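Read from first to last, the chains carry the letters A, B and C; within each, the first residue is number 1.
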């Protein structure tokens, strides 16, 4: 718990108010949910929150270009936005979606894991744990409007939601593909996947690092709904109405009933999990592999 | 265990022999399974048992009109009938079905939870626990012939069976819809559902209080078979034959192997579960909600 | 652990080198995977290993005619072959298949359980445990090319693989049908099945002793792929390529992550499980049933 508290203090100190008026980034965001004019939009450099308090929900748009990598700063800003919405009684739900074309989130930011010191790795991993714990157990209804590819940590974020709508684009595969990079998903990534698709599908998917295209993702239960790409946001809103019709307190307690045992497994050994991560990521072989991979990425871009 | 024993003594003291000859309620019950003439029928005011000892099974018909609400007396009579059949070596299986048109069972009786004292609530909850424990672990094969809508506690009863046949009538939805009433399913309701449909389907169904119509219930595995309404009883009998062909002792031990760990979770904290229930149900807000709901039901009827 | 070590010493002492040149059993084995000429084939009397070190895998052919019963000697030879391949860095995968027409494996050898002394029963059961533990947790990729019927222990062997390809022949049913023989699957057979097909399918399949024909086996997830009978071996090889493309170390750790908790349940109470088996199998009623069954089998053959 000490860790969690430390994390929150950290996130608060990083908070940068972010007010955006309509038209600030023309062509980037459409009209706000519920017909608002975005005057009430808030957020941080990397997370745009479009609130619709009258309708009881907000859209949380991830915009950490080019691929919504979950850097420490980005994770922190997402947690701040979530906390802000959770503490405002007007909000009962959020829709998470991406502002980066073609990608929901590429997952963990390898730059946070390469060439830094153990203290940084520990801090980073604590933030990744916190993201999962807070979204997985949030008393808000969390709907993922998955409008792009969603590998590894991006998939974990989607799996932490209550419902997943995926755009029907064959490029938008989703899955925990860690083994392809030579790394192993942490046990709580695995638990979350098993809870979603069952033991056997998870076992094969994790070993092979499978990324499921939309039809397949729907078939195995990785997502709940696949819709044409231009209907992802509206489908998420439709589904939200069904969730918001349920008495909130009973729904929240039911969510806790289902998910707390899984979260408790991490909470019980959170420090050990951080130490494991730091030890693993500090290995010469891993550091070398990450450097090579990041070099390749850089060359690909230029 | 003390609780369980106390419960059994209670149920025995409430036993009212019930002999019914053929034609006693004309047009209500057809010919008995196996061609008997119902001379051997027994039961209690609310549970009609039509035994077919030659075939090794009995049909247990619930008739607590209008909706087979699981009142304390009704629960008690069901437990007595089950115990009677379990202790008679002629019987290896039962079929549970409803004698109330259009409804299998409406579930827990809200009248038992409203305007009574804590001792009554505790006694009632003990009986609900007992119903689940005894049916879920019965050494008899239990087949549910679901010939009507089956929400909440009615669904739990069906889930406690070994096999579920549902009549193909769009009105006969089945599910644990507790959240719709603002309440939360106990953890052992949840465990039973997860065992039946898996974690993800259970998570969504419980949060949204979903009632599944027949086709959907079959698809997610909430029931095992959907048949035309006039074939529910015969389909249940056909399936029974398959179960009765299995060596009884091995089948019973296998059932225990599968279900004991789930039952043990309740057995380990049975008293705490009762106390939780009493505390929850005694709240002013809950009592008020129940009174309002019961008032509405009464007005609807008149 | 003492048991496991003892077992390995035993298996080593039983090792009989087995060199087989091409044409040794004409018409029995086709060309070796990868186009080898079988000069490198090795194995033991009952397990023919066709290695293809260049491709990184070996085919393990079971040939304990007539039905690949898992006798103590056969189990021992399978474990030796597995150990040999595991300790050779050239091998990353195996394909298990049968050399006995129409049968993958009939499962445990009832002759090992009948008319022997408790020490023998204990030794036999230890070997059965060891087979499961070693195949279920092997760092090699294990693909089952199921080219025949696969009941009980034969099904367990298949379930211990990472992937199952079944020949599309309606006679080649697969399942844990122990109850049909009046016996109960051990808890770790059950756990393995639950991990593969989920709790509800496992519950019904184990109680009824269901043997699933190919289409049904695929539908419930008992196997991963059903192909025409003459394509079983080639399909297994195709699938293998997908598994071998994954970084080995990450894949192995992921397999451990998924399977260790299940294996640990047996490892924690291995001795108790052996004692349970010995006690059960030593009963007069069981011994009598086994004798009768074995007599019937003998008469059927002659």
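Definition applied: a contact is a pair of C-beta atoms (placed from the backbone, for glycine too) under 8 Å apart; a residue touches a chain by one contact, two chains touch by 3 or more.
Please read these numbers as outputs of a predicted model, since none were measured by experiment.
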Quote the value, from 0 to 180 degrees and to the nearest 5, of the angle by which the CA atoms of subunit A must be rotated to coincide with those of subunit C.
120
Looking at where subunit A touches subunit B, is over half of the residue numbers used by both copies, so same, or under half, so different?
different
From the mean C-alpha coordinate of subunit A to that of subunit B, what's the distance rounded to whole Å?
41
I need the residues of subunit B touching at least two other chains; which ones are they?
198
In the complex with subunit A, residue positions of subunit B that touch it:
178-185, 187, 190, 198-200, 202-204, 206-209
Listed in rising order, the residues of subunit A that touch subunit B in the complex are 162-163, 194-198, 221, 224, 242-243, 246-247, 249-251, 253-255, 257-259
